[in-house]
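Shared chain: chain A. Partners: chain B in the first complex, chain C in the second.
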Partner chain A sequence: MAAMVNAWRWWWGILLAFFLVGLSRLFLPLPFIIEVLIFSIYTMGCSFLLGRVGFISFGQPAYLAAGAYGTAFYLFYFGSNPYVGILIGILSGLAVSGIVGPLFVRLRSDYFALVNLALAVIIYYLMQKVLAGITKGDNGLWFLTNIASTPVLDLGKPDHFFIFSILVALAIWAFYKYLDDSVFGACCLATKINEDKLKFLGYSNYGVRLLAFVIANTTTALAGAMYAVYLGFVSPEITSPARAADPVVVTILGGTGTLFGPLVGAIAYTGMKDVISKLIGNWELFIGFLLVFIMLAGEKGIWGTLQPWLERLFSRKKASPAAGEGAGARQ
Partner chain B sequence: MSTEIIKTVGVTKCFGALVAVDRVDYSLRENEVAGIIGSNGAGKTTFFNLVTGYYPPDEGSIFYKGRDVTRMTPQQRVALGMTRTFQLTSTFDNLAVIDNLVLVYFRAHRDSTLLKLLLSTCRRHRNEDKIVATLETFDLQHVRDRLVKNLSLGEKRRLEIAMAVLAEPQVLMLDEPLAGLAESEIKVILEVLGRRVGKQTILIVEHKISHVKDFVQRLTVMHEGRVIADGGYEECLSDPEVRRSYWQIDTEQEGSKHAAA
Partner chain C sequence: MSAQLLTSGVIFGLSIGSIFFLMAIGLSLCFGLMRIISLDQLLYYSVGAYLTYSLTLVTGNVWLGVLGGVVVAGIVSFAVERLIFRRIYERELTFSMITSFGVLIGGIGVIKFFWGVVPRPVPVPLMAQIDIIGTEVPVYRLIVVAIAFLVYAGIWLFLNRTITGKAIRAGIENVEHVEGLGINVSRLFTITFIIAGALSGLAGGLHAPLIMVDPSMGLEVLAFVFMVVIIGGLGSIKGTLISAFIVGQVVSLGSLIYAPLAQMAPFAIMLLILLVKPTGLYGSPLLKR
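Up next, the complex of A and B:
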């Protein structure tokens, strides 16, 4: 009973969060909200890896690019249906993470961080130089005019794309919420903190990590595919090593491993970037300092700081502190 | 006549120049309840690690039911029916007590392929009869939903033993399970383990021999990596080499004599 009430509360939380994002359409510019939505999906993969499995990766742009280029190749050379394009982007993310995963997840976590960065660098140069014949190098692939209009949700129209993004984000959040509750989710937390014990219970740390890695980076590729369709353009810039730490920063900014951290982090980061870049020229430098300050101020991140406060607010009506304690702490 | 379940032949493990386990021949029969004692650094934990596959031996072989498992991974050995606990309590501190048990339950009693792990929620298994019964037995109901990192040492230890018992292995290997527990808790645990006697092979490492004296059927004494005595309780204690090298037994025995008087 208590568990059911608790579960309902968290589904309700996801719906509320995305309802608020939808509502913000009334007073915020559309590109901003779409950027936030895609960026939050991008961050979700990273946050899951870092907070749930204990893997920090400085190469997330590699998987973003896998998705974006998968979509871009399809829409530039082969077809025009954006949904098929996105599906192909997801599949290429699945393929790339399925190929490198078995090698990467065996590594110690510090090497894991670096080997991913190396992959991002490799993909950057592949797209910029080696495969320039098909990727058009730094000029990038432009395919906005190739994208056919589709019935119901026409992804070529920004307003429709916005609704599509909300629906996808909602689905992703529902999926990760489910993942948190699954036995697999418990295995992820277990391998993060005590791999010896998990091994001696008879589980394979390798298997758990590999599956988590593939899930997280396929999510990242989905974000890349959405960028591609939304912008109608993909260039090697998307996997630029200079942006390699972005998702890690936003993960920590939002609250590592929490369900709402990636969304809150994406709002805060995109917002800061927008506001500050309008006010000063060297905004990247300024944001750098601001992030250092924010992280020193609270290692829990924004959501980690807000959550207890919100929980108190919500549970005041039906006070049942004991019921949600275990599960609540896992949010 | 019960059969041999675990057998080691000349297993040796060195750490640099130190020979932590020195050519140990050991055998454990099915449904036997055996204890290993020995002073600090005698090599008891290292021996456990060798048998369960934490690391491979430098020399010698390990057999499980006649099968050579020397090169098998821990998971393979668990699948064959071995479960162990750790000397330094080892649990998943970032999970709730109940979910620690769910993980054990799932591995031991359900099909635990990655796909099944993904398709099952913890919530659905939290009320399994065996888990509820285990919580009750080890007096952990009141902390059921608490994160393990918020438990006391005693509760944590009880949880780890509860996890090992819930797995219902053929061989239950406990490395100093009673350390750090209060007398009342020790009684509860020995009672629970006592109920499993005859159904399960139990190997228990203990520092204080007085605790397991009435519990084990057979005792092995280790000293500086070697087995120096093996047999019944009285037999081991009267062994001159044991008396010489393991002075603690002396004092323990004196202590219990005083208590008896």
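Up next, the complex of A and C:
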């Protein structure tokens, strides 16, 4: 019984959050919610790297593209099962981050940021020009008609894809909450805050960082694979350097390193994008100055500001401090 | 490969390396003294190029346009430093990177607002060709290389022969000590930032006749400038000069052998160098302040 109560306490924040997202289906258009869900998974990896491990990554589009192109190649040239496609996308993300990871995580954080952004640009060129024979260059790969219908959850149908992405997001969130609670999560924070002390405790900074890097970027690749299946086409635009800041913006907008920051940030960002691109055509102008404004205003983000307030509200209502702790993100 | 092709390839590499050098020096100086990564240097590059385009259209003289580009890039960088960077010097390094990326993206939006998205051509100021070992080489490219070396000499003289320059070099070693000597560090920061911005503007102005001027031109050279800075080592001017010419030659000669190599080869070289020396060729092992 006590175990069940504990499990409930652990789960209820995540379940409530995604229940609310599911509920929003009633009054929000479907493409918007799916976009938010995929975007929040995309941002999760970046948020973990920035908030937990202290790596700022402007190179996330590189891993997004790895996942998207892995899926796209499979669905365009070889098979038709979207689940296998997504799996291959994840594996190719794993492969790319496994190859560059050992090189990158040795670097100081400033070099890491520069090298990562350079990687994104290189992958952009690779997909747009060098491999144009396979990737069809700027035209992109179109494979929507290749996707076969599958039993139980048919990913070709938006309604089913919506349920699928909610389930995936739920799993990702549970996974990251588990990571935060685990020894590994504590090691990640330690390597961000004081790497010497972590070394004293007998952990390898390099190992912790490498594992975190691979986990985060594989998550990003998963988001890329989901984009590929959902849109049914992939073009080099997905790794365009002009969009390299998107995940970082959303991370900071939501609240860096918090559990629900990426979700809240993705909702706010996608919402603003929809509203503002209708008002003014100049999207960069807005996103650039928004970024500068958030940074100057104190970088706590939406969830970072809301969370203490919510916790106070909950603990007053239920008069139990334990419930407040469960209200969502840690830190 | 014929000797003619090789000669023109080397000259092309030297000129493109000079442009990279002029831009990377700003990033490098800002990192060395202020411990910020100033991605907005790429914005001043675009500003320099656009001003060159507009002034050339009005006055008919490209050199006047380049001069105007340098001045306006300097003014814009001064404004950005006062309004934004002033508040973030004390923060972490990543903080400056995110903020300056915001400035860069926002600035590209402003450029699109004023000049539109259509790429603009800028005429080459000197059509003359000169004969080097039997190869016709455009004089303009040689002038670009000469200007880069002049700037290097100028920066060297400034850093080694003037009080302000010496203070900047001392500040790169230890900013607190410089402050303790009664030197106005915040003014020093502003001067360095304006120099960096003006040099980026110069790079844009000089590059404009060689390419088309379009709003995202800063993002196109971004990867190369990064590679130059990383290979040379953040904060080292000599390293920046050497790595700029390495990258320039690799881009130019690589594209002669196999076109896609121009983009991929510098990246491979960067990874190799980082494997051997994670701080770049001349990078200091300095940690964050």
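To be clear about the criterion, the second predicted complex is superposed on the first by the 299 of 331 C-alpha atoms of A that agree within 3 Å, B and C clash if a C-alpha of one lies under 4 Å from a C-alpha of the other, contacts with A are read in each partner's own complex, and residues count from 1 in each chain.
Just so it is clear, contacts are C-beta pairs under 8 Å (C-beta built on N, C-alpha and C of every residue); 3 or more make two chains touch, one makes a residue touch a chain.
None of the values given here were measured: they were computed from a predicted structure.
Q: Report for A:58: first if it touches chain B alone, second if chain C alone, otherwise both or neither.
A: In the superposition, A:58 touches chain C alone.
Q: Does the superposition put A:98 against chain B (first), chain C (second), both, or neither?
A: Neither partner.
Q: Now for A:208: first (chain B), second (chain C), both, or neither, which partner does it touch?
A: A:208 contacts chain B only, not chain C.
Q: Does chain B (first) or chain C (second) touch A:156, or do both, or does neither?
A: Neither partner.
Q: Once the shared chain is lined up, is A:22 touching chain B (first), chain C (second), both, or neither of them?
A: So A:22 meets neither chain B nor chain C here.
Q: Kindly classify A:13 by the partners it touches after superposition: chain B alone (first), chain C alone (second), both, or neither?
A: Touch partners of A:13: none, neither chain B nor chain C.
Q: After lining up the shared chain so the two structures overlap, which partner does A:117 touch, if you call chain B first and chain C second: first, second, both or neither?
A: second
Q: Comparing chain C with chain B, which touches more residues belonging to chain A?
A: When the residues of chain A touched by each partner are counted, C comes out ahead.
Q: If we count contacts the way the header does, which residues on chain B are in touch with chain A in the complex?
A: Against chain A, the touching part of chain B is residues 52, 54, 73-75, 78-79, 83-84, 86, 90-99, 102-104, 106-108, 112, 114, 116-123, 125-126, 144-147, 163, 167.
Q: Under the definition above, what is the set of chain A residues touching chain C in their complex?
A: Interface residues on chain A, with respect to chain C: 50, 54, 56, 58, 103, 106-111, 113-115, 117-119, 121-122, 125-126, 129-130, 241-242, 244-245, 248-249, 252, 282-292, 295-296, 299.
Q: In their complex, what parts of chain C are in touch with chain A?
A: The touching residues are 31, 37, 84, 87-88, 93-95, 97-99, 101-110, 112-113, 216, 219, 222-223, 226-227, 229-230, 234, 260, 263-264, 267, 270-271, 274-275, 278-280, 287-288.
Q: Can you list the chain A residues touching chain B in their complex?
A: That would be residues 3, 7, 178-179, 181-187, 189-190, 192-194, 196-204, 207-208, 211, 322-323, 325-327, 329-330 of chain A.
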